[in-house]
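Same chain, two partners: subunit A is paired with subunit B first, then with subunit C.
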Partner chain A sequence: MSSVSDPLQQNLPPVAVARRVSVLRMLLSDVGACIALALVVLAVLGAAFAPWLSPTDPYGNDLANTLKPPGEFGLLGTDGQGRDMITRLLFGLRTTLLMGLASVVIGGLIGGVIGFAAAYYPRLSGLLMRLMDVLLSFPAILFGLAIAAIFGPGLPAVIIALAIATIPLMARVVRGSALVVLQQGYIEAARSLGLGDLHIILRYVLPNCLSAIFVFVTLRFGQVILLGAALSFLGLGAQPPTAELGAMAADGRNFLFFAPHVSVLPSIVIFVIVLAFNVLGDALRDALDPKLRK
Partner chain B sequence: MTRLTALLLAGAASAAALATPAAAQQKAPLTILRIIDADRYDPVRSTATAAAEVVYMLADTLVTVDFDMKTIKPGLAESWTVSPDGKTYSFKLRKGVKFCDGRPMTPDDVVYSLKRWIDPAIKSPVAFRAGPVKDIRAEGDTVIYELKEPYSDLLFQLALSFASVVDKDTVEKLGQNFGVQGFNGTGPYCWVKWTPRQELVLKKNPYYDWGPPIYKNPKPQIDEIVWKVIPESNTLMAAIQAKQADVTYYMPYIALDTMQRMPGMTVQRQENYIYDVFMGFKVDKPVSKDKAIREAVNMAVDKQAIAKAIFFGKGTALPSLLNPAVLDYDKDTVAKMPKHDPAAAAKLLDEAGWKPGADGIREKDGQKATFTVYGIRNDINPRISEAMQADLRKIGIDMKIQLWDATVAWGKLATQEFDAFYMSYPYVTATEALNLYFASRQVPTPNRMNWKDPKTDELLKTAATAVDAQKRKEAIGAVQMQLTDANVWVPLASQPLWVVAGDRVEGVRAHGIYGAGLYKGLDIKLKR
Partner chain C sequence: MLRHTLQRLLLVLPVLFGVLLVGFLLMQVVPTDPAQVRAGPTATQDVVEAIRQELGLNEPLWKQFLIYIGRLAQGDLGVSIINNVPVSQELGNTIGPTLELMVASLIWAIPLGMLLGTIGAYYRGSLLDRAIMAVSVAGVSLPVFFLGLGLIWLFGFKYPILPFTGRTGPLWTWEGIQGIIMPAITLGGVFVGPVARMTRTSVLDELGADHVRTARAKGLGEVTVLLRHTLRNALVPVVTLIGLQIGFLLGGAVVTETVFSWPGIGRLAVGAILSSDLPMAQGTIIVLSLGFILINLAVDVLYAVLDPRVRGA
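Our next item is the complex of A and B:
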């Protein structure tokens, strides 16, 4: 795409660059956001390098050493199969984050397309958004149960359920911010230049909605992890021997009084990750909102 | 750690204590805790253990089973004779038996109840247990049970709750709601009130003095019994500790040692409890049809370690196909059962042509050594399956686990989608268990193995129709040997029965027929 055929593009980059810098500066000036960011980075690194960081085999059991408390057998003890908790937590984090990522990406993409279509083509808006309202009225847990009943429990079932639950939320956010952008003069200008619909959406509408999408995705990621853990806790998610934080918390609940660490540790990890994503999302929203800027 | 556990327990106990206000001055009823309720308490309409354990208290059977699970003792019948051809049983009824409403029991009531069990209109899921009935009739004070062919299991089947004697008038009055809105039997306790999924209240049958001779005192000694449901096992444990309840045999195994250390608490085990856990193979699926695979699985799985770990030191591994405590168990099968030896299992697979693939999983002729196991998602299956999965991975077999919620599990277990399955089941004799699971007419359920073998069928038939106890033992022993050799099952563990009773209770003894831990509930006394 040359700048000659796209005269409106020339004044975009400097503004965008300046904004990006100020957003980053604002984010880093917030202590909470810094800690949250650090935790998220740490979690992602831990998950990514789990096979190298883990002290033991995540799937090898040791029935002679089950439910050992932290400190007695490995730093964080062992679970009901005698597996090292550190190893299980790292691999569990990996599954949980992947599950979250997959469902947010799939649900976000579909929801985004629907949102843009609804905003750009007013004729489709009524039908699409009512459809979204229907989807919105089903709790994600119910979707999970239904999908697990049809396809059998497993990670794909949870990802599908969470993606479907994400679609209407994403569609609403995208449609809302796209409607605002579509009122702008430069859209009118682009249209009068005869640019195609897809071109206008991808080139002018999408970039200007990105901040809203970014905030939504970050916040949603935390929610999806929580929901996914809940579905796994109910036995619909990761199947053994796959480690998953929600399923790990469920495994330990039968011995809660005698070996609390089996349930408590994965629950703490879930709590910290979700909190970090929420704090980060809030900070991002503040940073990206021009009205809140000092 | 111990201190933290104690702290948590104390906290939970006090929370449970706060939840329910203390009972009034009157001697509180005996409260028995369990984790699940039954759908109904009609003896012939429910197969649930949760129904049986209460029906045994509400109603009586012609004969009873002793604590050894092998000896038949009198019940409503004070004596009985069997004709030489094994086809006619005559039960001489005890005199003076009354229903809860005071009406004397007659031989016609017995005939009515037994005929109701096999009535095609009732569609009882347990009608097959009555055997090939020709006729059941009353002659004086005797009930004649006539068969088309001998049925060696009959007395044991007649001792099960399904063969309970019930009152015809109440059954006809309540119809489908018999065992839901009311009950009238000749048991030691009478129906008062049922709040589904919460509690079932029973009161003493004032006329009852015909308890089976396996008890010291034939009369019930408690005025009121409440069967309470607490679905969450940690809460159940806290309630027992807080003395909110007196007796349970659903205590989580992990808590038994702690309970044993508590002053006044009695914790006892029924050694002859027959409730087995096994994994069965479908013998016509690509991988599991290979006997080498099945045998290797039996060798690779460390059953001792699993039985110990899963039941927290309280479980025992099954030495072969069936439970050693059961009638007609064949001791010689122990030698036939492959011993735990992963190295030998690997060698066996090598010799059978299953060579390790790039990912560590074995292959033969392009077929991966992978199979899928189905099961119910209960307390034990998730842990047993994961432990087995790890053991099998070590010898290059990939076992995929798919556990289902109890609501859909039975439907899934009736399909041909899986290669192996987990099952726990109570039974009374070897002949009953193997006829149920291995007769070719029982395909697809409960013969989920798809085991169709003329020799097995013939031996099963011989055992079932044997008139002579020795002949039956030989025939059913031969079946056990054949099936052990075929490695159709991976016998895992005998699920232990432990009864925990608080300091207010005296005389509790674990029985456990068909999962009913307290059986008639006689000899139990309350100190205060």
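Our next item is the complex of A and C:
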């Protein structure tokens, strides 16, 4: 092999560093992506600091002030139990984002390990990827229904279901990009130096797969939030009185005609946050994919 | 092509086994004793024991699994805990409305999505293309229940022109059609975006192909080039992708049925799970999974029919 002289000492070849800068620049030149990024940051901050930002207690009832429209009581009104909508939305966002984070992290880790194993050990590949095909042939909603039936409805059921649905997708993404990386000369060099498998995967394969993983995780986060909110809306996820955006939208169904804001506000928050993740993920993919670059 | 189909069929078997096993295990984790449930709370120990024998509950697990599969093969999915109706009967009543809803949604959403995607690809980079893509990204991000509740508020309350609770009659009557309009718009609405995106990508790939340049060089009209030489080839990946998105459609259907009280299988499943009616929940999950496996199989075969390269294999 001619490229044994690849810079093994560094984690990333200098080209990659330059590329990272240009990716960031490209991302920031896209107005939509900037707005999406700002919204995501805002949502994460809002969710993280919900207990300090909220004007009231998310679980304290105020039955004298139920279903007040926005502007009349608090900035965004109150829900069916007189709870301030801003508080509920912040805490709901917190639950929804944590639910998404938990399922993407759990499913992503398991799927990632499977993907790397399938790419690195061709003998395992057939079995593992057939298994992934089987998981992939079922939609997330079916996992949601089955797991809620087994363990009973609740946030853990939703997280497990969404994690399981994420595993095969992540495994495919990771295997695909790891296979490309494994063709590179520096991997050959690392192997001929006698480095261990785990060392090679963690130090040389993983860093070079990060961009593909990053795009996938961003897009998946939006999908998982949408699915999780839908499951909670159905009553299979977060149980009352837990503030969760999907469950809040379901709660508002009862007052749809005379207090639509109880349903509409959490729905809008879900829509905006999922849209932000989708736009950001698309922009990242365009920026990281050399084929699409002008 | 026969070989391709047979191969796919063989792959389905282990999946099928997995689904049945999950269904079986689902019944094993139930804390209540099924024999006790059948016998009723006042039954004596002897009666319960007799029913245990009859149901085969004293046999080892693997034998119970075989009995279970035998019963499934005869269409016996057990009896609802809540209202004592056979699960298979309830399922039979709800499959029709669910299929109705899905067909009514796809029948307008797929053509519209393809049209938008083709327009976007043809005028790529233009303001029109960007608008179509923006709308489709927004469509993918829209919670189904938001669209449903919004429509109910608008056309059920503000301008009350359409019914929004349940199936209002058979589809061949005006009442029935009125009743399905809003659910079909809701479920189809979230499907337009993905179809438009897939079609656009696929058509873009084809537009750059050599045979399209040749077709233009021959002096064919743009419409012919677009429809016969581009869209027709672009359909192959689109059909597959639509097949893969059926899961997305199913998820939407469950939510849509709940929002509009549509008497479909998704609403039945959710209701059964929420009321801990495990035989019913198990039945709905098995039927939905089987339906899903069948759709995947059909998409695979259809793919072979559409793409001669696969057909030869």
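We adopt the following convention: the second predicted complex is superposed on the first by the 282 of 294 C-alpha atoms of A that agree within 3 Å, B and C clash if a C-alpha of one lies under 4 Å from a C-alpha of the other, contacts with A are read in each partner's own complex, and residues count from 1 in each chain.
We take it that contacts are C-beta pairs under 8 Å (C-beta built on N, C-alpha and C of every residue); 3 or more make two chains touch, one makes a residue touch a chain.
Predicted model, so just to flag it, every value in this text is computed and none were measured.
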Three-chain arrangement built on subunit A, subunit B and subunit C clash or fit: clash
Which of subunit B and subunit C A:Pro260 touches, first, second, both or neither: both
Which superposed partner A:Thr66 touches (first subunit B, second subunit C, both, neither): first
Subunit B versus subunit C as contact partner of A:Leu162, first or second or both or neither: neither
Touched partner set for A:Ile201, first subunit B, second subunit C, both or neither: neither
Partner chain(s) touched by A:Ala146 [first = subunit B, second = subunit C, both, neither]: second
Between subunit B and subunit C, more extensive residue contact with subunit A: C
Partner chain in contact with A:Asp251 - subunit B first, subunit C second, else both or neither: first
Subunit B versus subunit C as contact partner of A:Gln239, first or second or both or neither: first
Colliding stretch - subunit B into subunit C, listed as 401-409, 419-427 or 491-499: 401-409
Residues of subunit A at both interfaces, subunit B in one complex, subunit C in the other: 149, 152-153, 235, 253, 256-257, 260
Residues of subunit C that touch subunit A when the two form their complex: 14-15, 18, 22, 25-26, 29, 137-138, 140-146, 149-150, 152-153, 157, 246-248, 250-251, 254-255, 258-259, 269-270, 272-274, 276, 278, 281-282, 284-285, 288-289, 292-293, 296
Complex interface listing, subunit A residues touching subunit B: 59-61, 63-64, 66, 69, 72, 80-82, 149, 152-153, 235, 239-241, 251, 253-258, 260
Residue ranges of subunit A touching subunit C (in the complex, touch as defined): 134, 137-142, 145-146, 148-150, 152-153, 222, 226-227, 229-230, 233-236, 246, 249-250, 252-253, 256-257, 260, 263-264, 267-268, 270-271, 274-275, 278-279, 282
Touch list for subunit B against partner subunit A, complex: 1, 4-5, 8-9, 12, 233-234, 237, 252, 254-255, 258, 302, 305-306, 308-309, 377, 379, 382-383, 385-387, 389-391, 393, 400-405, 408
